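Note that chain A is present in both complexes that follow, paired respectively with chain B and with chain C.
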Partner chain A sequence: MTTDLRISNISKIYPGCIANDNVSLQFKSGKIYALLGENGAGKSTLVKILSGVVSPDNGEVFLNEKNLKLSSPLDAKKNKIGMVFQHFNLFETLSVFENLSIDATEDNKSLRVRINEILKKYNFSIDLDVPVLNLSAGHKQKVEIIRCLLRSPKVLIMDEPTSVLTEQETEELFISLKKFCDEGILIIYITHKLKEVLSLCDEVAVMRKGKVVSVSQTQNEKIETLANKMVGQKLAKIKKKINISKNKDEIFKVKHLNFYSDDPFETNLVNLNFSVKKGECLGIAGISGNGQNELFQILSGEIITPDTSIIFRNKEIAKLNPKQRREYLMAFSPEDRISQAAVPELKIYENVALNNFKSSNFFEKGLVNEKKIKEHSKKILSDFSVNTDNVELKSQFLSGGNLQKLILGRELITAPELLICYNPTWGLDVGAINYIHETLIKINDQEKSTILISTDTEELLKLSDRIVVIYKGKLSKIMPSEEVTPEKLGVLMGGGSID
Partner chain B sequence: MIKIEKRNDVPMVLYFFTPFIAIILTILGGGIIFYILGFNPIEALKFYFITPISNLYGFSELLLKATPLCLIAIGLSFCFKSNNWNIGAEGQLTFGAIVGGGVALLFYNQEGFYILPLVILAGAIGGMIFALIPAVLKTYFNTNEILVSLMLVYVSKLLLDYLVVGPWSNPEGFNFPETRQFNDSSRMPLLFEGLRIHAGIFLALAAVMLSWFILYKTYLGFQIKVSGLSLKTAKYAGFKGKTMILVVFMISGACAGLAGVGEITGPIGQLHRMISPDYGFTAIIVAFLGRLNPFGIIFASLVVALTYLGAETAQIFLQIPKYIGQVFQGMILFFLLASDYLLFFKVKILSLKKNELRH
Partner chain C sequence: MSLDISFIGILIGSIMASSVPLILAASGELITERSGVLNLGVEGMMIIGAISGFALMVITDNLFIAIIGSMLSGVIISLIFGFLTQSLLTNHVATGLALTIFGIGLSAMLGKNFVGIPGKEFPILFSSLKESIPFFGPILFGHSIVLYFAFTLPFLTNYFLKKTKLGLVVRAVGDSPVSASNQGINVILVRYCCILYGGAMCGLAGAYLSLIYTPQWIENMTAGRGWIALALVVFATWSPIKVLIGALIFGGITILQLHMQAIGFRIPVQFLSALPYLMTIIVLVVISRDSRKIKLNTPTSLGRIFYKEK
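After this line comes the complex of A and B, so read on.
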């Protein structure tokens, strides 16, 4: 039996923003549909309407020509619309089976039988009796999917499902999704990753500013055409710069970096050695969870490891804390911009004061020099085109892209000799990504160096002069980036070896 | 089904307004309790909240009780703002009183203008040292400061017990568990003839001003604020986390020590077993009722001091045990936490209302 889902003239207005503006879309089972758009384009609102979390101000949803009243998530479940959110709704301390049995209507015995059938059918290997906290993100997502499958859904909506997955897990997910599709489940795949749209989906609807701007067959699209539709303007394509750093001095050198942790959630680092030349970008690739967190914290001075030697501009800095390292003109942009690089409850100028380098005079003789901090903050806001000029604004009201610009601005205004950044464009929209990439290239053009720790291979290939891969806490050989192909990188990131 | 959601933006006006709601609810709750106990609630509440401060003497008593509460709460606000949970201010108060009292006893037969400052200083240092114990254990051995500081309360109280019964007991005191009376040179000067309010209140006011300055105008205050909001960020910014823990505990201990020394050199005039009606614990309520804000704490310490006084009048006029005061203090804390909860989260009943759940 085919499923036919029709969204008709849906509008949703929030105070100060039109989230969905007269959206009409049609989906038929047997195909995988992509819903593509930047952050804030209105995809999430639409999905929330479909899953009953939000009700629209206007418009209707039809499933097989039946008008659906979706006023709560329960209604969506009743109508066989399943939904896997980006953030998992699982009880970490309960076992997989307990999580699945919470909202089940049958007895445990038959439930277990049905779960096992699903596991077998789709080749999932999950131990039902381990606590969820011991599962990888990919497995947690599978548990969420099983939860949907138990209700034999007609429609399965996946919201940015690959943001937490490794490449391999992503591949597995795609295989499963194609299987579900063949079995007649209608799949709506929400993403802002263009490549995934092209490799997985049959049809793509692009949303921008609350409106559907295009619906097309993916076979007729390319990355560039989709990107242009999504952003609404022709993107200036960033050129990969020429490798100019062959005979430059090494300004940053790490020797014998070892890190052992008792915490099972941390990765041990084993004898890392590398160096960065002046004006160079060293890319550190890897699937997340292979030691990047620990490496970043050691490079920034948040963790001090004994016996490590870190030479920066001919000085030994391994024992210095982040503030002291900043005085030597290093700068850091951590992955977690929301709760580490900035404090959401603090005002913009207070967040700027976190980078309290000596010549800033933010705190003279231990006293706050508010005027100075605010002047400085204003300069950052305008120099780095942050979308506000109000330094009193709490940073929680900045969008991801603007927050990242603020953080980079704060770190770069000291004209550091070395910037270490970790997933600087994670979760940002194309416009912001472009801006940040341009900024990072500009740094290298000014003969300053960068270390780019990233899980995004495209970004690494675009920006790095040399690339090294981290896998299970060990580094691969360092390679000039013109010798590196995405395939090669993929093999190394998955733990394989080349040549 | 009930659903609880975090509110995205809490207006600051409401944030400072909820303590007043908590106080009003406490008064209503108190009225209900009096009614159940068989009293006319209006009359009883009048005895509790109005009678104690209806004359000058009562007002002076209010300030007298508010002084140590304010001092301790000011100190605690440094700890609480930076995510350090010092629960043992009562112990730091006691130890400060022991050290300060010890110095006062040393000078029991001497006179001089320098004696009182010495005694006060000794009290502050005593509190500071005692607060350093949980701080050092926390920074260097990862112990939990809540447990350590709380358990140390009993250590200091037993030490005081031992001293007043044993080595420091008054040789002319017929074996009563108390020390000699302090010399006038180590007593806080009284502000008015016939009233017990003493110069210690200026210490509290100075602490308010100084703490406001430190918290809002200095680098230390900025570090305290950031660490309280996000330890991850504090680490990333390169703040010296260990030093800061030690500093906030020292400030907090010194304030509690001052409160203790203010009590023994003020209204009490000697050391004995009962130098504090749990001011150190009640000050925790004061700190939160005052929103950890120096000026808020002044206001909160007056309100909570009134619950002490009211309990005494209730005991006299209504023959209710004065422990009713603790009931009122408990209610203040309960209603404050409850209204905070409703301030930061919204509760939705899903099945009854068909309203949408906005993100």
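After this line comes the complex of A and C, so read on.
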């Protein structure tokens, strides 16, 4: 039996923001639909409406021409609409089985049988009796999917499902989704990743500022066309002019860096040697989990390793902590914006004050100089086009892109000589990515240096002057980026050799 | 001094009796906290239970009505807490503290006319067996029905949380109210129920004091037991069985140190009085060291305000 889902004239207005403006869309089973849009385009609100979490101010939802009243998540469940949220809706301290049984109507024994059938059918392997907090992100997502499948859904909505997955987990997910689609489940895939739309979906609807701006077949689209629709303007093509000149000074040098850890989840680093020249961007490529975390922490001073030598502006800095390194004009932008770079519960200006320097005079005689910090923060907000001018706003209310701009702004406003960033555009939408790339290029133009640790090969090729690959804690040889192709990088990142 | 075996039996019996209010109040609070609600009003709810139980006994001369009434009054006063924190989204900590202060004040006012009135004897079960069996008699028999209930309650609570569907729902709400709500669970309703249940148990704990343990009304007669019960829940890392152990240790050492004081041990009295608190905390910390279990038992959303998106 086919499923036909129709959304008609949905509107939802929040104070100060029109989240959905007269949205009408139509979906039929047998296809995978993409709902594409930047952060804040209204995708999440729309799926929240479809899953009954919020109710629309206006408009109707029809499933097989039946008008649905979706006033609570229970209504969505009853009507066989399943939903996998971007932030997992799991109970971390409960076991996998308890998570699945909480809304089941059958007894535990037959439920277990059914779960095992699903595990077998889709080749999932998950221990049902461990607490969810012990699972990887990919497994947690599978638990969510199983929860939906248990209710034999007609519609399955995936909200930005790959933002927490590794590349391999993403591939596995796509295989499963295609299987579900073949079995007649209507799949709506929400994302801001253009590549995924093209590789997975059949039809794509683009949303911008709460409105649907285009619906088309993905086979007729290219990355550029979709990006332009999504952002609403032609994206400037960013291309960096490579500036390697042999005679420039080496500003930063790492010699014989070794790191051994007892923690089985950490990667050992073996004899790393590299240097960065003035005005240069050194890209460090690699699949995540090959030692990037450890390397970033050592470079930023979070981990101090004895017997290591790190030279910055002709000074030995290996024993300095992050704050002391900042005083020497290094700056850092860690991978995890929310838990490492900023404190989400603090206000914007408070987060700015965390990065205090002797020279910034944020604190006087043990007291907070609020006025000074606020002025400084306002300057960051406007210089780095963060989408607010309210320094009192809690940082958790900033979108990922705006938060990253704030963090970069905080780091750059002191004009550091070297910026070390780790996946600076992770999880951001195209507009924000573009802005951040432009900013990073500007730094190099001003003769300041950057180290870009990234898992995104495209980004590395775009921004780096020289590229090196990290694999299982070891570095490949350093290559000028014009000699590097995505294929070469792929081989090196997978542990192969190109000579 | 020779401690004969029947004396030890009587001693254990009295230790059990003294730990009953702690077990009741802590078991109730445990359920409340497992749903993610931190109610610091335990002391206030207990004292309201104590006065209303005693007053109803004096007025109606019926112990059954008194006991039920004390539980109902606990429910009513916890309903205030529930309304404020769940419907008006006030801060749990501040509201709970206010509830305790309110309860102590209200009970003193209501209790004015009941000071000095003698209590009524509460029926005890199996009193003949208590006398006839040495050692085990005074331990197992001759107690009020409330004591038997209190000693089965931690096991019932454990069973409820671990084995029943409703218990699972309570734990889920305490773990992540947002997820629970998105799964179609009525978080506010579940939390209300847990708060009211906690109130009923605290009311009963208070009534045990004023009707059974020391059958009379004295102003402020709960004497900080509510706070001990709260601490027990936390130090027992939200495990009902450990709450029982903790309550027994606390009750036990309280009674023992009284005996030691009476005998005249050459230890400063202040130290002896502090002993129950110290020992209970030490023992519970030692038996709850497994950090993995703590993580699994701790209600993640404890004390956080939940509101539903609309």
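Heads up, the rule we're going with is that the second predicted complex is superposed on the first by the 374 of 499 C-alpha atoms of A that agree within 3 Å, B and C clash if a C-alpha of one lies under 4 Å from a C-alpha of the other, contacts with A are read in each partner's own complex, and residues count from 1 in each chain.
Quick note on the criterion: a contact is a pair of C-beta atoms (placed from the backbone, for glycine too) under 8 Å apart; a residue touches a chain by one contact, two chains touch by 3 or more.
Owing to the predicted nature of the structure, the values given are computational and were not obtained by experimental measurement.
By the touch criterion defined above, A:Ile175 reaches neither chain B nor chain C. By the touch criterion defined above, A:Gly301 lies against chain B but remains apart from chain C after alignment on the C-alpha atoms of chain A. By the touch criterion stated above, A:Gly366 is placed in contact with chain B alone, chain C being left untouched. Applying the stated contact rule after C-alpha superposition, one finds that A:Val54 touches each of chain B and chain C.
With both structures placed on the common chain, the touch criterion links A:Lys77 to chain C but leaves chain B unconnected.
For chain A, the partner with contacts to more residues, out of chain B and chain C, is B. Shared interface residues of chain A, touching chain B in one complex and chain C in the other, are 48, 53-55, 72.
Chain A contributes residues 48, 53-55, 71-72, 300-302, 321-326, 332, 334, 336, 339-343, 345-346, 350, 353-356, 363, 366-368 to its touches with chain B in the complex. Chain B makes touch with chain A in their complex at residues 216-222, 225-226, 229-230, 232-233, 235-240, 350, 354, 356-359.
Per the touch definition, chain A reaches chain C in the complex via residues 48, 51-55, 72-74, 77, 83, 85, 88-94, 98, 101-103, 131, 133. Within the complex, the chain C residues that touch chain A are 165, 168-169, 171-172, 175-176, 178-185, 295-298, 300, 309-310.
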